[in-house]
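Chain naming follows the written order as A, B, C and D, and within any one chain the residues start at number 1.
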Amino acid sequence: MEYLAHTLNLAFIFVVLTVSLNLILGYGGMASMAHAVFFCIGGYISAIVTLNLGCNFLIGVLMAVVATAAVGGALAAPFIRVQEEYLILFTIAFQMVVFHLMMSLYNITGGDSGIFGVPSPRLFGIVFDTPVRFLPLMTIFVIVVYYVAFKVTKSPFGRVLKGIREDERAVSSLGKNVIQFKVIVFMVGTGIAAGAGGIFAHYTQFISPAIGSLDESILIIAMVVLGGTANLWGSALGAFLLIIIPEILNFLPGASDLIVPLRGFIYGALLIIFMRFRPEGLIPEYFHLKRTERGRQKAGISSSPKVMDVGTPKAYQAEPGSEGPILEVKGLSKSFGGLKAVDDFFMGLERGKITALVGPNGCGKTTAFNLVTGFLKPDGGHIRFRDKSITNLPAHKMPQIGIARSWQDVRIFQGMTVLDNLLIARQNQSGERLIKLFAMPWQVKREEQENRKAAALYLNWVGLGEKGFEIARNLSYAEQKLLAIARLLTTEAQVLLLDEPSSGVDPNWVEQFMGIIRDLAASGKTICIVEHNLEVVRGISDTVYFMAEGRKMAQGSADELMADPKLGEIYFGV
Amino acid sequence: MLITVKNLDVGYRDKQVVFGASLNVDVGEFISLIGHNGAGKTTLLKAVCGFLKTEGGQVIYKGADITNRSPAVNVKDGLSFVHQEKSLFPNLSVLENLQLAAYAVGKAADIERRLKVVYGLFPILQERERQMADTLSGGQQKQLAVGMAILVEPELLLLDEPSLGLSPNLVKDLGGVLKEIQKMGTAILLVEQNVKMAISLAQRIYVMRTGQIILEDTHDNMMNRENLWDLF
Amino acid sequence: MSLFLLLLTRGIITGSLYALLGVSWGIIYNTTRTFHFAHGFIYTLTSYIILLFVGISVPLIPSLLFGLLAAILAGCLVEYLAYLPMRVKNASQLSIFLTAMGIMIAGQSLIHLIFGPDSRPLTGFPEHIISFGMITFTTIDLFTVVLSWLVIGLLFAFLGRTKAGMMIRAVSSNPEKATFIGIDSRKIFVLVFGIGSFLVGIAAFLSTLDKPANPHIGLGALLISFITVFLGGVGSLKGAVLGGMILGVAESLVIIVLPTEYKMMVTFFILFLVILIKPEGLMGKKNA
Amino acid sequence: MKKVKFIGFMVSFVFMLSISFGFSADAKEFKFGQILAMSGSGSWYGMTMERGTSIAVDEINKDGGVAGYQFAYVVEDHKSGLTTPAQNAFRKLTSIDKVPAILSSFSAPTLSIMAMAKQKNIIVFNGGASSPKLTNIPYLHNTRMLGDEILPFTLKYLWDKGYKTMATIYANQTAPISLNDAGKKYWESLGGTVVSEQMHETGATDFTSEASVIKAKNPDIILCPSTGLDVGYVIKAVRKMGIKAPVCGTEHSGDMEKVTGDASEGYLFASEFFDVNSDDPWTKSFVKAFKTKFNEDPDFYAANYYELTYILKDLVSRVAAKGGDPYDGAQLEKAIWDDPKFKSIYGGYIKFNKNGTCEKPVVLFEIKDGKPVIIKKRK
């Protein structure tokens, strides 16, 4: 039944497009209005390659995928930093520019009437030139795409993406290069789209810019949104609906000239209704239920105590330390506009000791903190860690070398399970590199097991062992603070910088947190806190640095400093 | 009592910040609320004024329960608030800012007189009448913010860290102005990180730590304390 | 040289219309931060309402008034029924944008269904050619420039002098504070949508005088209107005006250096660069 | 819940397919397909073309069909030149309606289906598009004179009137581009000069800056081989800029008149001449039938598709006479070459050439008070 087959093929092509856009929009959190363009480019590359080199269509499609992914990456790199409206704008602009370019460069693209006579797919002597013959090929393609998509999203890589959508800064504070992840997922998405374009060109033996118009891009977005963002099955559903409905309309007698507007009206209306009443789409991202259940089995750890007491974390052997401070700050300075926030600041963190930064408001504590953790670039001065200079090291490199920070507002990933919150924090996971993810799945699997063990370990240590599969959102605030600490430990970092560990904690809990921080120090971690609650500072800090106007005013034990009337004046004003 | 706050609980979503705080301000009284950063002073203030929803306790103003009443209504009722920042319209002229403030209470009628009062306190504002607010210096912006707040002739003026980012002598001037405002019969509830200033201005002082009010004491007792560290 | 002058005139004529489009979208975006994609639909709608009345032999001016009325009504309804509820649920920028897009698509399809796809000229305005040596333009061109700047002028006067205008500026410059001093931002939003739609209605009228309307004219107008805003700088209506003039003139003059088929691309290319190099726009503030 | 809804769609979908099967299974019916612009900017063309066909089919069936076959047609939409819809339409026509012959229009859609047509032996006739790209394609026959054959006729006329310099402006579409080249070559071969060539975006509406350039070059004549509304906007802009030079092109349509208004006065274009006042009896009857059904005169598009339907009729009878199967496109294709001359609604005969082109009477029109008027004929 050729027509049915053809319609299926067409629907499948759009399923692929929708899935690929979903990777970008749903999982990468980037609204791309230019997806059809990549689809079209892919088609052209494959067509031109096969026509001129006379090679097999697979090679053409492959080249299309690679080349377009490269283009996508090059495009993504600059615009990924800009915020949502600008992203939409930017991609619209790109869409229009490229589309008009394809129309105008007619001696390459054939202009409006495109390139005609693209060779049909041919494998082992079989020519897939009719819709029916082509269907199996198409089906395989769809299956492959789905395999890739699932591999990408339901993996450590996907876990990081999810994290990025929840809180970018938190992710980079856990040692992940956010930009890199986004660019990669954008490349994957565009690559797949290009593949679809190539296949499509060979299937219809024809390619023209018409399939790369803004309308097509909008149609694809509509499909994703209708189906449900960040849900791969939803994408398929969305695509089928918006392809099949108009095809059915085609059978309405004499409605021929009404179909275009009718179809437009229908999916316009659908968009409105869905955004208004069901923004999560037909099949929403049932993250919690599904994932946690599967998590339970995969984890190989149940909530039963037996497996849970896995001994003490290895971070607990205080490292055989060379002498001197493990982290040293020399003459650090940073100014915003005219204002010198941090000015020639000195500080050293002793191994296994707790150092506190105090000072009146706007004295530069937080700035200094951000400088040390790489979230700000210093204007001058040096930061040395284990006698290596780490000045200008970007934030996401810090945890990898053993420096990790916490956040005042916990910044845990609300939508993810407690366990996943911790797993993200593991450093250098092969599962976060797509090559390894596909090349050596066994290794990824093994690592994942180990990571889960380690995670479980710290989870127990902070006393959340029973909650491993809860959604973080459902924890009490105090528990979330504990989770944040566990997540910090999971990075195995040696130096921990805690931003206001006591803020927002129920007074009765303060004691407990002070206890935990002491234990950490006792276990050999080096700790630096920025804390306004002087009670806490007095309670736990070995050394206190008193800052004012971005400089170190004094250094010593809490009591020494508070005995000094001069500091009192600075702190309490005159 | 002009306003009485009874063990108020305030928080953002699941994170509670203020735990059962109670305080009161009498007519024409000058009260300061001090404490370390993140102790919950600002949060408490905003809750009193209706910017944040309370989770427990109540606020009684002029005998009526105004818990969770919208700020817009409160300001009409003489409960004026000066935010830490963003308390004026950057792209509007000084005059327009003041006019809008007057509009808030719908008493634009005798605006001329009110403007005189404000200009009396802050002459600089008159000079800069036509200037865009965001072209003013930090200190002048603060003055404008306070000016807008008192333009409505409030009975209770809530100030959130007005001295933030001001040079020491500007802080002194500000202190003076606040005293004058009090003389006009406006009660003031001041949240300050400049503790000395807060104490010296106020008749009574409340101290907060990690979300609780740990101390209420008089001006004199606070002045005579040999050190304040243990309150922070 | 004379060619340059000629093209410059064309650029100024087009630019004036673009400037009008720019402020019409800009006032909405600056105040409500809503990516009002449905603006294009309002544009198309106005043209067709005007045509409808002219079609039943109502004179031009009354028809125009009906058109503008419809525009204002539609604009306010879109805000009130579509955007407002979503903002209340604090929906993401993207989902509001998609809703707007839905309205745009559904709307123009509806117009297509009712009025059919063919183009409809708007007759009744006396069109004569005026020329000073090389410089040539028509009465319609002249009318376009005059009316555009008149309306823009009135808008700025309204914003600057009236109380309502002051409130609008207040809301766009500091929403929280505005609500605090008792301005009902919802009302202001609806008002702003009304104004924006009125302005875009005028623009629609002017361009329909020159070129017949079809159900798809909205998209082009929409693209221009938000490009000018982002080009000129978010938060600054003057910027939008500037952006409009720049676009108009650029589109016209580019013909000297580039093959004409690239004319349309130029617009988007400019935008492309601005976002890359100066995201806050020509006259926008960094934080805006 | 939602899944159920989706399954519902699939079911109804398949159901509808089976229905349409039922129809196509009907015996002794000759069904052919049409892929026309039923929607979008060019829907005006689709409408008039289908009118032509419908009249022919009615007539044929009224006198008992041909060789026992009743004629029937299915119209599909390529949305004014889009290719994917055209391909979908082709798949539907050939697999559901099982048509052996398709009447197509517009260059891009026609080209986009020819690969499949050759594969499945579907004979395709184009009576609308005039792009030279449509020649030498197996199974494709044009009953419209292709632009580059007509254009010289127009240009020669202008040359003889003593015009020397020409400016061209044309859409970035296949047909206009190649027409521009053809026109330019011919004009220069006559000894004229081309002072400026400008390509424009298809679907653009503001041509004043292009017109400014032309004004600056001040040519004797302007050639605009663009299609559809573009021509209208170009003419409008040119006149707006106060340029008096005559404009010539290859297209004219009622929709275009709406754009130009009276600016189209004096616009020259050559095309097949369909003379509604011809005394040829067949023409007379067609015009009469058309007038009575749609109360307006048929234009040459309507005529072309009317004519095409009759050409199909002849082919069917030829095949049937040989005892062949008219549902086999290959046999229809072969039947053409038994005698490539067919009776033409234009009077006389239309002759198919091996390269897919045809020969027909052509005349030159000039717009006078909004109506095309013949000013020169070519036999």
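By our rule, a residue touches a chain if its C-beta (ideal position, glycine included) is under 8 Å from a C-beta of that chain, and two chains touch if they have at least 3 such contacts.
Note that the coordinates shown come from a computational prediction; the quantities given were computed from them, not determined experimentally.
Student: Between chain pairs C-D and A-D, which one is joined by a greater number of C-beta pairs in contact?
Tutor: By number of C-beta pairs in contact, A-D is the larger.
Student: By mean C-alpha position, what chain is farthest away from subunit A?
Tutor: D
Student: Between subunit C and subunit D, what is the gap in Å from one C-alpha centre to the other?
Tutor: So the centre of subunit C lies 38 Å away from the centre of subunit D.
Student: Distance between subunit A and subunit D based on Cα centroids, please, to the nearest Å.
Tutor: The mean C-alpha positions of subunit A and subunit D differ by 53 Å.
Student: Find the geometric centre of each of subunit B and subunit C from their Cα atoms only, then give the gap between the two centres in Å, rounded to an integer.
Tutor: Here subunit B and subunit C have centroids separated by 43 Å.
Student: What whole-number Å value describes the gap between the mean CA coordinates of subunit B and subunit D?
Tutor: Using C-alpha averages as centres, the distance is 79 Å.
Student: Would you mind listing the residues of subunit B that make contact with two or more other chains?
Tutor: Not one residue in subunit B touches at least two other chains.
Student: Counting only residues that touch at least 2 other chains, which ones in subunit D make the list?
Tutor: 39-40, 43, 172, 199, 201 - these are the residues of subunit D that touch more than one other chain.
Student: Quick check on subunit A: which residues sit in contact with 2+ other chains?
Tutor: 100, 103-104, 257-258, 260-261
Student: Each pair of chains that touch: what are they?
Tutor: Between chains, contact exists in these pairs: A-B, A-C, A-D, B-C, C-D.
Student: Quick check on the complex: what are the subunit C residues that touch subunit A?
Tutor: Listed in rising order, the residues of subunit C that touch subunit A are 35, 82, 85-86, 91-99, 101-110, 112-113, 117, 215, 219, 223, 226-227, 230, 259, 261-262, 264-265, 267-269, 271-272, 275-276, 279.
Student: So in the complex, the part of subunit C that touches subunit D is made up of which residues?
Tutor: Those residues of subunit C that touch subunit D are 2-3, 6-7, 10-11, 13-14, 116-121, 123, 129, 131, 134, 136-138, 211-212, 214, 251-252, 255, 259-261, 263-264.
Student: Which part of subunit C faces subunit B closely enough to touch in the complex?
Tutor: Touch residues, subunit C against subunit B: 163, 166-167, 169-170, 172-174, 176-183, 235.
Student: Per the contact definition, I'd like the list of subunit B residues that touch subunit C in the complex.
Tutor: 51, 71-72, 75-76, 81, 83, 86-92, 96, 99-101, 103-106, 148
Student: Can you list the subunit D residues touching subunit C in their complex?
Tutor: Its residues touching subunit C are 39-41, 43-44, 172, 198-201, 204-206, 208-210, 212-213, 215-216, 229, 233, 236, 240-242, 255, 258-259, 261.
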